[in-house]
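These notes are about the structure you will find just below.
Labels run A, B, C, D, E and F following the written order; every chain starts at residue 1.
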Amino acid sequence: MPYVNIKITREGATGEQKAELIAGVTDLLVRVLDKNPATTHVVIGEVALENWGVGGLRVQAFRAQSQG
Amino acid sequence: MPYVNIKITREGATGEQKAELIAGVTDLLVRVLDKNPATTHVVIGEVALENWGVGGLRVQAFRAQSQG
Amino acid sequence: MPYVNIKITREGATGEQKAELIAGVTDLLVRVLDKNPATTHVVIGEVALENWGVGGLRVQAFRAQSQG
Amino acid sequence: MPYVNIKITREGATGEQKAELIAGVTDLLVRVLDKNPATTHVVIGEVALENWGVGGLRVQAFRAQSQG
Amino acid sequence: MPYVNIKITREGATGEQKAELIAGVTDLLVRVLDKNPATTHVVIGEVALENWGVGGLRVQAFRAQSQG
Amino acid sequence: MPYVNIKITREGATGEQKAELIAGVTDLLVRVLDKNPATTHVVIGEVALENWGVGGLRVQAFRAQSQG
């Protein structure tokens, strides 16, 4: 039954990395909560940098400020 | 008030099919819970196949394995 | 693969009504998009009236204003 | 800790408008609930008009009907 | 059309504070994107502290570590 | 930046199991995508069995049918 939604900024995650995230999260739910992999769904949402804010700023501005 | 989010894999759902889903879900909420259609929102999210995992695999791999 | 999240205000929806919503949404996705019921998940989220706002007001205040 | 997801129809919101939404929501959470901006995330999701329904119709049809 | 989901840890936010968040977010969307308040929905989700993790730890542990 | 929402049925997951999920998902995102743990949020949502449907049935009925 688990449904896992992973939201990340769109910064070039490869197909292999996504496959690794899907496998890793599913294994974790099987190991920790004994969930059935066949009914465990993992959905990755990639968000444009311009659409993600933290610290009141858009990500690029937040990162620039943090490295300032 | 209802807000319904329908997440499907991006596999060519047409405008007419989306309209049918929106109408069908809204009618269901009116019939079953007497909700007001004017404040019932239905949002369809289409997810790239590469970004949806089930059974620890990405959808294409899961389907191939199931048909194997 | 579909994952459907139905958010409604918590106003006493019965188990039978929830079962009807789950069956109805699943049938709709099977009929319109030929989806597999066994991998179609429907999750109902019930939200306290105090936590839902529309028109800049909490639901009870919005309804009172609309009937005013 | 707050995570705010703002779903809007994709109708040309500019980078500056998105920055204003991110700053405004973060300031609101700081002022009202004394939240830490550095751990307050705001994510904007833009939805194609074809994928958003209200009143049982897709947005364009609903707007046309409302202005009819 | 906007639908805004505000997820916060369940730490005693009052009805008045929730009303202030709902009004503030709606005003912001009206001012910045000229949205219609009557179709702007704001839903507040309160999450048990035990169910929210950051820095690989549950919130209480993360806060204790940050103040350590 | 990642925000991970893990939706599971409410079936007695312990505090330790939740801590293990939070740590495991965070470690995975650090290892696979080199994400910063301090800005990686993991939120666990527990859904009443009556509110989760699969195969057109509520979970208890689906499980009973599968074991039938």
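Here is the rule we go by: a contact is a pair of C-beta atoms (placed from the backbone, for glycine too) under 8 Å apart; a residue touches a chain by one contact, two chains touch by 3 or more.
In this text, all values refer to a predicted model and were calculated from it rather than measured experimentally.
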(request) Check every other chain and keep only those touching both chain A and chain C; list them. (result) B, F
(request) Could you work out how far chain E has to rotate to sit on chain F, using CA atoms and steps of 5 degrees? (result) 120
(request) Look at all chain centres (mean of CA atoms) and spot the one farthest from the centre of chain F. (result) D
(request) With centres defined as the mean of C-alpha atoms, identify the chain lying farthest from chain E. (result) B
(request) Can you check how far apart chain B and chain F are, centre to centre, with Cα atoms defining each centre and the answer in Å? (result) 20
(message) Nearest whole angstrom, what separates the Cα centre of chain B from the Cα centre of chain C?
(response) 13
(message) Give the residues of chain E touching no fewer than two other chains, as numbers and ranges.
(response) 1, 3, 7, 21, 25, 39, 41, 43, 52, 54
(request) Could you draw the chains as nodes, link the ones that touch, and say if you get a line, ring, star, complete or other? (result) other
(message) Judged by the touch rule stated earlier, which pairs of chains are there in contact?
(response) A-B, A-C, A-D, A-F, B-C, B-D, B-E, C-E, C-F, D-E, D-F, E-F
(message) Which stretch or stretches of chain B touch chain A in the complex?
(response) 7, 47, 50-58, 61
(message) Under the stated contact criterion, what part of chain A meets chain C in this complex?
(response) 1, 3, 39, 41, 43
(message) Please output the residues of chain C touching chain B within their complex, sorted ascending.
(response) 1-9, 13, 17, 20-21, 24-25, 28-29, 32-33, 35, 39, 52, 54, 59
(request) Enumerate the contact residues on chain D facing chain A in the complex. (result) 15, 18-19, 21-23, 25-27, 37-46
